[in-house]
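To start, the structure itself, in structure tokens.
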Amino acid sequence: MRVELMRAYRDEFKRFYPITTRWSDNDVYGHVNNVVYYSYFDTVANQYLIEEGGLDIEKSVEIAFVVNSSCDYFSPVAYPTALEGGLSVEHLGNSSVRYRIGIFEAGASEASAAGTFTHVFVTRATQKSCPIPGSIRAALVKLTEAS
Amino acid sequence: MRVELMRAYRDEFKRFYPITTRWSDNDVYGHVNNVVYYSYFDTVANQYLIEEGGLDIEKSVEIAFVVNSSCDYFSPVAYPTALEGGLSVEHLGNSSVRYRIGIFEAGASEASAAGTFTHVFVTRATQKSCPIPGSIRAALVKLTEAS
Amino acid sequence: MRVELMRAYRDEFKRFYPITTRWSDNDVYGHVNNVVYYSYFDTVANQYLIEEGGLDIEKSVEIAFVVNSSCDYFSPVAYPTALEGGLSVEHLGNSSVRYRIGIFEAGASEASAAGTFTHVFVTRATQKSCPIPGSIRAALVKLTEAS
Amino acid sequence: MRVELMRAYRDEFKRFYPITTRWSDNDVYGHVNNVVYYSYFDTVANQYLIEEGGLDIEKSVEIAFVVNSSCDYFSPVAYPTALEGGLSVEHLGNSSVRYRIGIFEAGASEASAAGTFTHVFVTRATQKSCPIPGSIRAALVKLTEAS
């Protein structure tokens, strides 16, 4: 088995957020644990939805659930290094969106890890899928390659 | 975009471990957060390596790093529900192994979520890849389909 | 400065819950990180409120907020060791309750760590303090020393 | 039972670090979970030890273990709000140090939560307590009230 990983670079991402690492991010082998990157993913994408798309975690009628996610790990990072999360949209559907996210040491051109995750929008009350709300769609379009 | 997820069933997994959920596993939407499933993955696979393969987290010359991971989420679970993690080996290479892991409500036949992750074995001192140690390989073989 | 810690023993606790440890519980020094014990505390106390007091995290009119917490750490534990959390009530007020919680290796008579935390009950809608609901109070009384 | 909490203010702290919140910090009640504040504590104190005292998590002969901790919660905060952690030293002993830490919304004068924790320095190899190393002591003195 060859494990082939596709590297990720800064110019593939449209929006960046700073991430401060935490003591507890490092696992027993001394690096940020593989699990923690997914908490960065959630943080970056939802911050965009909240700040640019008007998502209100507590009150919005429509919310977004994660239906799949993946990550490739290229090079280790460790607390207390400052990081950045880069965000773009790979695919924008009617009720779902697939993000691509890269985790970089602050200022680095090549990502330490990169992955994807898919949000499906649902009506909070019924938890049934629904179209992406207009304000959020408008924000997500700005993260697509074409934009 | 259609999001197609391949369901996972109990008989696909060779070994099961109980998982107690935690208050903090539930996110603001009331279900176990997508990130937390990956901490279950790590827990289940390493428990097998430790108990069956003789891995010593503190002292073993060879240790295992995660190079990629993925998860599909089929149905939500929530604290305080008791869970189980099922483990099997999808591919066993010279220096790496790809696990398949399913997360089940205790006793359920269909998984709530399932995913994969790949461990590459490295020499702790150099962090360069190395063959899977014999005792661990012997344990992993028991989790392959053929066994 | 002498750091004096009061040891805790099994017979001080009224109710026990199993806790499965996780890979990510261990920090870079190879033991369960001090932070993680507080997630055990939350888990044990709320499990009792849910199972014995009828708390519904999603729907109950009254919910409980933590206003203070503390922990003394006696001896390290590490994943994959199985643990137990012991729960008792130190003080039961009109709108608040102070728990005492001990974290034990499964079956041990002396706790590895022990602490307290205080829940203040509030009306979910207003987030103002309110009397402890009757069904929960009845459950908490059973955890007091006198019972 | 009256729950009396001593508020904490910005001028009580000597050093501040930015903290970016995460999606997973919010619990099911919509605020940063009480447990997470302790991960901020660890992060702030160790960052100071590393950057100002020369602690090397991987290699230092002496390391620091937490023997007790406590926190009072004054007002809720929530992701994605940016926070700051303020650090001071309450007591500096021969082999141990008790920190006081306040967690603030970025720029706020009054803390949202504040607590203490005590590090005991130990020789990594033996895990027996030892004097605080000179470079770390010199850094900690700067965080005491007298300085």
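We just call them A, B, C and D in the order they show up, numbering each chain from 1.
Quick note on the criterion: a contact is a pair of C-beta atoms (placed from the backbone, for glycine too) under 8 Å apart; a residue touches a chain by one contact, two chains touch by 3 or more.
All figures in this text were calculated on a predicted structure; none of them were measured in a lab.
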{"item": "Graph distance between subunit B and subunit D, where chains that touch are linked", "value": "1"}
{"item": "Of A-D and A-C, whichever chain pair has more C-beta contact pairs", "value": "A-D"}
{"item": "Proportion of interface numbers common to subunit C and subunit D (over half same, under half different)", "value": "same"}
{"item": "Maximum centroid distance from subunit A, chain identifier (CA atoms)", "value": "C"}
{"item": "Superposing rotation of subunit A relative to subunit B, computed on C-alpha atoms, to nearest 5°", "value": "180"}
{"item": "Computed distance of Cα centres, subunit D from subunit C, in Å", "value": "22"}
{"item": "Separation of mean Cα positions, subunit D and subunit A [Å, integer]", "value": "29"}
{"item": "Gap in Å, rounded to a whole number, between the CA centres of subunit C and subunit A", "value": "33"}
{"item": "For subunit C, residues that touch 2 or more chains besides their own", "value": "23-24, 26, 28, 30, 33, 35, 39, 42, 57-58"}
{"item": "Residues of subunit C touching subunit D in the complex", "value": "1, 3, 5, 28-29, 33-35, 38-39, 42, 57-58, 63, 65-73, 76, 91-94, 96, 98, 117-118, 120"}
{"item": "Subunit A residues within the subunit D interface of the complex", "value": "17-24, 26, 30, 39-40, 42-43, 46-47, 50-51, 57-58, 78-80"}
{"item": "Partner subunit B, residues of subunit D touching it in the complex", "value": "23-24, 26-28, 30, 33, 35"}
